[in-house]
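Order as written gives the chain letters A, B and C; numbering starts at 1 within each chain.
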Amino acid sequence: MTWQRKDLLGLQELTQEEIGFILETANSLKEISLRPIKKVPTLRGKTVALLFFEPSTRTRTSFELAAKRLSSDTINISRDASSLDKGESILDTAKNIEAMKIDIAVVRHSCAGVPQVLARHLKAAVVNAGDGAHEHPTQGLLDLFTIKERKRKISGLKVSIIGDIAHSRVARSNIWGLTKLGARVLLCGPKTLMPPDVEKLPVEVTYDIKKALEDADVLNILRLQLERQKESLFPSIREYRQLFGINHERLRYAKADVLILHPGPVNRGIEISCDVADSQSSLILEQVTNGLAIRMAVLYLLSKEK
Amino acid sequence: MTWQRKDLLGLQELTQEEIGFILETANSLKEISLRPIKKVPTLRGKTVALLFFEPSTRTRTSFELAAKRLSSDTINISRDASSLDKGESILDTAKNIEAMKIDIAVVRHSCAGVPQVLARHLKAAVVNAGDGAHEHPTQGLLDLFTIKERKRKISGLKVSIIGDIAHSRVARSNIWGLTKLGARVLLCGPKTLMPPDVEKLPVEVTYDIKKALEDADVLNILRLQLERQKESLFPSIREYRQLFGINHERLRYAKADVLILHPGPVNRGIEISCDVADSQSSLILEQVTNGLAIRMAVLYLLSKEK
Amino acid sequence: MTWQRKDLLGLQELTQEEIGFILETANSLKEISLRPIKKVPTLRGKTVALLFFEPSTRTRTSFELAAKRLSSDTINISRDASSLDKGESILDTAKNIEAMKIDIAVVRHSCAGVPQVLARHLKAAVVNAGDGAHEHPTQGLLDLFTIKERKRKISGLKVSIIGDIAHSRVARSNIWGLTKLGARVLLCGPKTLMPPDVEKLPVEVTYDIKKALEDADVLNILRLQLERQKESLFPSIREYRQLFGINHERLRYAKADVLILHPGPVNRGIEISCDVADSQSSLILEQVTNGLAIRMAVLYLLSKEK
């Protein structure tokens, strides 16, 4: 196939074939970062603008290195530095950046839908790097890539996503990506952290961590956003850990070759114990490595003339 | 001609020929940003330091991309990150940066005259990227470039600059540039926002917006700095809009082919209505594109061996 | 010799031969920054991560330019932007960055020992860019380089380090480097700013500024950290200046060809007078130029396959 879309906004809208094509492209680009000279001239003379209206180190860094390893120029526009302080709208900011002839805008924003609005109004390609609780498609793709690399396939696997599902764009991109590729997805977490529209999603739901672990091929453990506790969305960190925290003992309920994923940054000793985070089953750092390959693939595909 | 100056500090000191030479150079560099590969090796191995002691996204971004498209290395020194927190003087900071063998220092500062002081003490070329209410020469040049591209000439045009003239370095650079190239410049705004030395400037002044619009070839609408209201420099935003705001209806007093310029960021619905900002007459985004070409030209001319 | 170490953590652990080798390498790289095209392809396709958990402009800028002039890619991770806000440990942050296949991590942190911990856990080379009051090895190296360039040798010189020794990583790296290369080191400052373990260091101590100046070949004047006054570590700025400030008059006690070093940023008129800071004896800006060469040498040596 050839890539047709101008933008990457979410996994919900992608076909199985499109997702597979990005994963294949990432697979062929991954080895660039393993070379002594980690750089190819593919995007020389292109410009990638990193518009992070919500702070982020790891995702911004990953996109920035992905662009640089493809020899693209990059420009950082973070929230604090931006003209938004002067009352300018995000659309005006983005149109101004585009007028400097950028090729790709990577956008993170705390409101769902901002990348979609920008995509409609800009000629430049737009990559959603996380919008509110909506989607974080490159995170979903890197999770798929990491699972497939180990299990050789996605179809037929049981993947349990554990934690604060309601506020997680990572969960949402995973749900769409995994189910399109044929996995069985089970959500598990406190009732207060389950999204209200959960019955419309192509998933099973449980509030019992043992059921989430049983026969699971993959556990995708979400970060507990501790500031939610102030909103009384879960009773206490101690109780959360007791009910949903993944530790070595609890892991015995899962398959022996279960894979542990976590989008990071990890709250060690809360949603995941130190021994599990650092165990052989844990692919947390492999996810970071694969994230770079996925972002290289996305920037490459979106920069091609259509 | 060949370029002789070490620095670009303001348009007041430039000759008509020098201004024309920068515009021509920008004209030949503009198409680089329209190519699929937007990069030339002209400034490879040079270093441009961006010293922004006053926050700015668009000007800093424009200079940074201009430098990168000419293959220069860039280094960002923003106010917050700088050693100024440790009580060091701006001159010491600049001399330290220069000791790292930079070629060009692009300087923005809230005090008028800072780039001039640095230019006297540094061997590196200094570009004024805005100093207090004094000058913002690359903004003046990009405005000239944008007008000339559409009208084929500057000489004989009537250009009205509307708004807070007193505090505007954009207005000042425009006044010098436009009059040197033979335009007739008219200033319009509230009396409290007119500079005390206005009669010494080569301009006409009116407080009646209709007179500013009549027969105007170009309107350069300044950004209303809303924080000025606290200083009681104008009565209310509503009254300002009624007296000086440019909307579709008011625009009928101007020529049919009048051009609308604004240095951005725009306060939509205050100094300019949304329909005018987004109309065919508006060159606001074209100004941004041309700003990049102007900055490429300036960096190129100042980096040449003299 | 060939370079064997994975990391550069401090001068205390280096041999005389290793220090000499870095200085020689810097000497051969210094002229790159004096060329019209200040760039060599040596580190093309390498990635240097700048992890500054303590704010810094000049050291970060120096490392960033050093990396860029060797054609390395760079990535900035400053304290404010980082995931540390989200409660992640420094080790997790560093491991995450490393998972993106960086080659060298340059680390500054307010706690002594952080670079050592990272060096043990990362495959990437780690450069200590200042850790608490422990060491700042590239500053020590650039001071050695600057002295050697002028005096042709280090051995046999009398070097007096003046000021807040207790809190100075610069002093500590200088003490190790200078004594390993055969200099005689004398410390001078208020008793309250002398480290408790000073008798274990290979130095002489005096509280009399005249003794520090007599027969000195080099004065390394430390920055007075004015916030220490609140901790009552010295009586008043005026008294400090009277007792330990270096001015033109006091300089007559030293050798006629004494060299003045200061790590910057300078408190003009406090630890050093303006006339001394700007005199022929002062090498303050030369130190900055040499710092770039030292950092190029360190990045180059650590990036080589072992």
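Miscellaneous remarks
Heads up, the rule we're going with is that a contact is a pair of C-beta atoms (placed from the backbone, for glycine too) under 8 Å apart; a residue touches a chain by one contact, two chains touch by 3 or more.
Note that this is a predicted model, so its numbers are computed, not measured.
Taken as a contact graph, with one node per protein chain and an edge wherever two chains touch, the assembly is complete, since every chain touches every other chain.
Note: Cα superposition of chain A onto chain C, rotation of 120 degrees, nearest 5. For this pair, chain A with chain B, the centres built from the Cα atoms lie 40 Å apart.
For chain B, no residue reaches two or more other chains under the stated contact definition. The touching residues of chain A, counted against chain C in their complex, run 33-39, 55, 57-58, 60-62, 64-65, 68-69, 78, 223, 226, 264-268, 285-286, 288-289, 291-292. The touching residues of chain B, counted against chain C in their complex, run 44-47, 73, 75, 77, 81-83, 85-89, 92-93, 95-97, 99-101, 305.
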